[in-house]
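Presented sequentially are two complexes of subunit A, the first with subunit B as partner and the second with subunit C.
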Partner chain A sequence: AALNDALRSQVSAALKEGRVTPTELCQRCLALIKSTKFLNAYITVAEETALKQAEESEERYKRGQPLGILDGIPVAVKDNFNTAGIETTCASNMLKGYISPYNATVVQKLLDHGAVLLGKTNLDEFAMGSGSTDGVFGPVRNPWSYSKQYKEKCVPKSHSEEEESDWVITGGSSGGSAAAVSSFTCFAALGSDTGGSTRNPAAHCGVVGLKPTYGLISRHGLIPLVNSMDVPGILTRCVDDAAVLLGSLAGHDPKDSTTIQDDFKPFELPNLTDVSKLSIGIPKEYNAPGLSSEILALWSKAADLFKNAGAKVVEVSLPHTRHSIVCYHVLCTAEVASNMARFDGLEYGHRSDTKDSTESMYAATRREGFNDVVRGRILSGNYFLLKQNYEKYFVKAQKVRRLIANDFVKVFRSGVDVLLTPTTLSDAAPYTEFIQEDNRTRSAQDDILTQAANMAGLPAINVPTALSERGLPVGLQFIGRSFQEKQLLTVAKWFEKQVQFPVMQLEEVRRHDSGVFQHQKSASFS
Partner chain B sequence: LAPWIPVVGLEIHAQISSNSKLFSGSQVQFAAPPNSLVSFFDASLPGTLPVLNRRCVEAAVMTGLALNCSINKKSLFDRKHYFYADLPAGYQITQQRVPIAVNGSLSYTLCIDNKMSQMVTKTVRIKQIQLEQDSGKSLHDDSRCQTLVDLNRAGVGLMEVVMEPDMCCGEEAAAAVRELQLILQTLGSSQAVMAEGQLRVDANVSVHHPGEPYGVRTEVKNINSIRFLAKAVDYEIRRQIEELENGGTILNETRAFDSKLGCTVPMRDKEGKQDYRFMPEPNLPPLILYDAKSLPANMNHQQVINIDWIHERLPDLPSVKREKLVEQYGILPEHSFTLLNEDGLAEFFESVVKQTQMKPKKVIGWILNDLLSYLKQHSLTVKESPVSSFLLADLLNLLEKKEISSTVAKRVLAELWKGEGKTPLEIVKEQKLELLQDQKELEQICQAVIDGQENEVIMMVLG
Partner chain C sequence: QKVSVEVLDHLEHLALVDFRDSEGVERLQKAIQFADQLHEVNTDGVEPMDSVLEDRWCLYLREDDVTEGNCTKELLENAREKVEEYFVAPPGNIPLPKLEERDTFLQGS
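Presenting the complex of A and B:
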């Protein structure tokens, strides 16, 4: 089995048939992580525990009693999920060295299914950002920066310039997870999605990024950014794999009162051949300012693809889209201000040495522990929550949120099954260019296409579509109805098959895989 | 001098009697080793979420019903933010927008001029009851310039009961709180023992002239008993009147009651107004309660709370119990008031009545005059009484059968009090206290007395 294999169809089969053992798989992934260290995708690599888990998995396979498809599969988890015994930092000084005593529900579920936890991935500090550039462990590099496809298209530089400076960002804030999956160091990774933090890096890194419906997957143990919008996100190399992960993670959790009570039944995705009964909506407001002509063209091409295959493709309107960024800013910062109040240096995490008074200790701890982005949002949020401002800002934003959510309700009620939109405004920017603007500006720009789905709690998925002129991945987004993940993923899978997104040709993988590159065309099933 | 009208309102925090905390599974227990009852959620570990405790909701519904409130079928949870060492999350989860119960009333009884025979019933409106988290405890160690934090209490469920400013003095406030305490203890929704911090009372006090708007009010905290509540309120009323009559003004401030000095002093902590930046608690959906009418047919019984079901199962409240005692035993209202006012006394009385032929109307005298005064003298509770209901009934039976006189009965009771394990009959026999029933024997004794006092008898016969 190759590291770029699809989980469901290939790796699992290989494990079951003994063609590869969990230990081998784990070791190969760990080795690849080491040799792709320059990507800075991982904050913590849990080598010992991973190998132990792999051994245990191997025992189960030997006994003929694997726990399921995920047994023995190496996975990575964004560093804002609690993992017992393994450091959880949120890429912040505030939690450097913090070892949580409990596993997030989703982490526990992965482990219960036999998955092998390779490590914790890098992110923007406390998941605030759209580049994965603002964490204390440094920025994550998009693996595509080192791909043959990108290097070929790069404008030749003079010898004095470092090759290094060309590297592009992963997008964020789940950049580490996206890079980990994209660079073949794991088969699936958990991210989180509050305003697009799973779909955005998925698009830039050429992987599938699924944002499930709010309330479908437990947030217990996910360190919150915006409690009313956060969801655990799933990053994989193909849509079928995303369905497998979803199946193992979804369902009511008594520890999370915002999960729905209904029973969840894991599903296998059908191979859709007839799309004539499908209605695809194209929201005109998603032709947003700053959308690259390249992506606009790709979006149009995709719409045509559906049309030519017999589906009904209609233009729809989500009129309140343009208000979503401002609305999001108010609600997000307000919740951030509240959620970050617990970081006072007393019970856990960083504590300043200041001994003058409790108040000065709080102030110094929080100044030292949080970066500017976090502190900026706390200040904004507290402003919006002041008694004199509450109605004007917070309540108003809640009302606008309702309007945004209603836009979607109306459109879906009119007969549209799934919406098709771009995921990002352009392909991944070079790091040096990205950091020219501050985090707030970038977030406001980059979230525009993904953010409304969080406001409305709807499921959405990025499907890698094609390479840009610069040789970098571009993805398109499908937004579905509440709790209709099966329909959403079925459509996404059909689309994935149509576009045949190319496999990244990464030097490092080639070295580690010792030439076993079976699939030159696409990472999807045969 | 124009008369002053004092206005007193109360904010009462009652700790809910439950096995675990309001939003987490850690235990609720008084005086446990520090930080031994703290779950991950209580310690505010990042990523933990609140899960509502059903028992706490039931306790609040029961209390709301007992206080004649409307139970809100939909109530909401909010975050109230401030930084303090005993508040790990930096916010308290409470119900600011829509609490669980509103618009109730509490009737309480006062004795006019301390005469038990003149009792008057008053009512105070209950503005609302809300569910909220208790904070931890911090102990300031000034010598080492440090604060010790114990989070055992952090997250314990509280019912905040807000009483409208319908009271006018310390006595009324005390009587109202006493009645609330009895109600809570009867329901079992709170043990309401002030000494253990299960019932905390803050008083809002202001004064004004008749016809004028209400005056500026102060909040009085740190009141540790019902007795001190009356003192604190009365002191604060006098202080405000004095201040205003001397041309001063009342500050809208928080004051602490100093029980040693018997006065209120400004609290240093609350400088400047706090903006609590209230925000809806996003991790808790609205709390939906049902009644028989609104309960959906296919709803899982375990998942819902039915207000009517709880209503049907409410025990007799103190006021009802008092009426029943009066009706059943023919005792006076003020008697039943005292019976219920002492923990266990009503049960003791009823137990004695069951075991004796003496009429309840007579038994009550022994209970209230003799037994109770003994208990008070020795600062004992009914539970700690060395004289059990069995023994007292035994004694009263001797009296009822005329085997002893009432004077002797009192003497025997004093002996019983020593708790030496002797029965009333044993004591009577030992000390030869029996009433003589034998006519002939009595005649002999009388004759002997007369014979021994010849001179006095002659004097008497001669007039």
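Presenting the complex of A and C:
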């Protein structure tokens, strides 16, 4: 088995048949993490515990009693999920050194299914950002920056500068998880998605990024940003694998009262051959200002793909789309102001040495612990929540949220099954270019296509579609009906099969670790 | 319309977070300007939406039974200052110093 294999269709079988052992798999992934350290995708690598988990998995396979498809599979988790005994930092000084006393429900579920937890991945501080550039451990580099495909298209600068200044961002805020999956160091990773934080880096890193319906997967143990929009996100290299992860994670959790009580039945995705009964909606407002002509063309090509295969493709309208980013901005900062109030230095995390009074200690702790972005959002949020502003901003935003959610309801009611939109406005920007604008501006620009799905709580998925002219991944987004993940993923899988997104040819790694890639296919899996 | 120093000071008190410099204040000004676009939308007769799951009766009550706990040791582990089973805080009921007496960027404004 190779590290770039698909989980469900290849690795799982290899493990079962003994062609590879969980320990071998784990060791190879750990070695690859070491040799790709320059990507800065991981904050913590839990080498000892991972090897122990791998050994336990191996025992189970020997006895012929694996826990399921995920048994022995190396995975990574974004560093805003609590992991017992492992540092959880949210890429912030506020939580440096914080060792979680418990596992987030989704982490526990992964472990219960036998997955091997390799480590915690890098992100924007407290998941605020769209570049994975604003954490205290530094930015994450997009593995595609080091791919043959990108380097071929790169205009060569002076040789010594070339690698250092040309690298592109992963997108964010789950950039570490996306980079980890994209660079083959794990088979799946958890991210979080509040405004697009799983789908955005998935698009830039050429991986599948699934945002499930709000209420489907437990948020218990996910350090919250916006309680009414946050969801755990799933990052994998193919849609089938996303379905496997979803199957092990979804379902009611008594510890998260915002999870629905309906029974969730894990599913396998059918191989759709006949799309004639499908109705695909193309929301015209998603041709947003700033959308690159390249992506616009790709989107159009995708719509034609469906049409030519017999599906019904209709233009639809989500009239409040242009207000959604502003609405999100207000609701997000307001909820953040509330959620960040727990960080006061008393029970966990950073604590300032100031001893004069409780308030001055809290103020100093928060002054020292939070970066500009986090402090900025807290202050904005507090402004919108002031008595004199509450109706004008917060309640107003809640009303606009209903209008946005209703737009989707109307469209789905009219017979559309799935919406097809771009995920990002362009391919990944070079880091030096990206940091020239501040975090809030960037987030406002980059979240535009993804965050309405969070406002409405709908499931959405990024499917890697093609390489841009610069040799970088571009993805397209499908948005589905509430709790209709099976339909959404079935359509996504069909589309994935049609586009045959190329495998990344990672140059740097091949020099260091030639044993890793046993075969390079230019077609996708299965 | 610029935010007054009184409001900025009030926000620093409420949030227990500082603006740090003029950039911080600018950031707030821009955030408000951005948010003001909300007023273009007609929301007459529209109810505010708290949760996308409002139709599903998600928030339920359960029996008041203790189902977990006894983890004092684990919970105290991450605290820097503790005494026996208490988290230790500096003296309370002392408000943050007023603007004139506080070491804050806003003092100069």
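Observations, loosely collected:
Definition applied: the second predicted complex is superposed on the first by the 505 of 526 C-alpha atoms of A that agree within 3 Å, B and C clash if a C-alpha of one lies under 4 Å from a C-alpha of the other, contacts with A are read in each partner's own complex, and residues count from 1 in each chain.
The definition used in the following text is that a residue touches a chain if its C-beta (ideal position, glycine included) is under 8 Å from a C-beta of that chain, and two chains touch if they have at least 3 such contacts.
Keep in mind that this is a model prediction, so the values were computed, not measured.
In the superposition on chain A, A:His113 contacts neither subunit B nor subunit C. When the two structures are aligned on the shared chain, A:Glu335 is found in touch with subunit B, with no touch to subunit C. Judged by the touch definition given at the top, the superposed model places A:His204 against neither subunit B nor subunit C. When the shared chain is aligned, subunit C comes close enough to touch A:Ala444, but subunit B does not. Here subunit B and subunit C are compared by how many residues of subunit A each touches, and C touches more. Contact with neither subunit B nor subunit C is seen for A:Arg28 once the two complexes are overlaid on the shared chain. Of the two partner chains placed by superposition, only subunit B is touched by A:Asn82; subunit C is not.
Of the two partner chains placed by superposition, A:Arg141 touches none, neither subunit B nor subunit C.
Residue contacts after overlaying the shared chain place A:Leu222 against subunit B, while subunit C stays out of touching range.
Once the two complexes are laid over each other on the shared chain, residue contacts for A:Asn382 go to subunit B and to subunit C alike.
Shared contact residues on subunit A (touching subunit B in one structure, subunit C in the other): 101-102, 228, 254, 257-258, 261, 337, 344, 346-348, 355, 358-359, 362, 382, 386. Of all residues in subunit C, only 3, 7, 10-12, 14-20, 23-24, 27-28, 30-32, 34-35, 37-41, 43, 46-53, 56, 58-60, 62, 71, 74-75, 77-81, 87, 89-92, 94-97 touch subunit A in the complex they form. By the touch criterion stated above, subunit A contacts subunit C in their complex at residues 98-99, 101-102, 214-215, 228, 254, 257-261, 320, 323, 326-327, 329-330, 333, 337, 344-349, 351, 354-363, 366-367, 370, 372, 375-376, 378-380, 382-384, 386, 392-393, 395-403, 405, 438, 440, 444, 455-457, 482. Residues of subunit B touching subunit A in their complex: 40, 43-52, 79, 81, 83, 85, 88-91, 145, 147, 149, 275, 277-279, 282-285, 303. Listing the residues of subunit A that touch subunit B in their complex gives 81-82, 88, 90, 95, 100-102, 104, 219-224, 226-228, 254-258, 261, 334-335, 337-338, 340-344, 346-348, 355, 358-359, 362, 382, 385-387, 390, 394.
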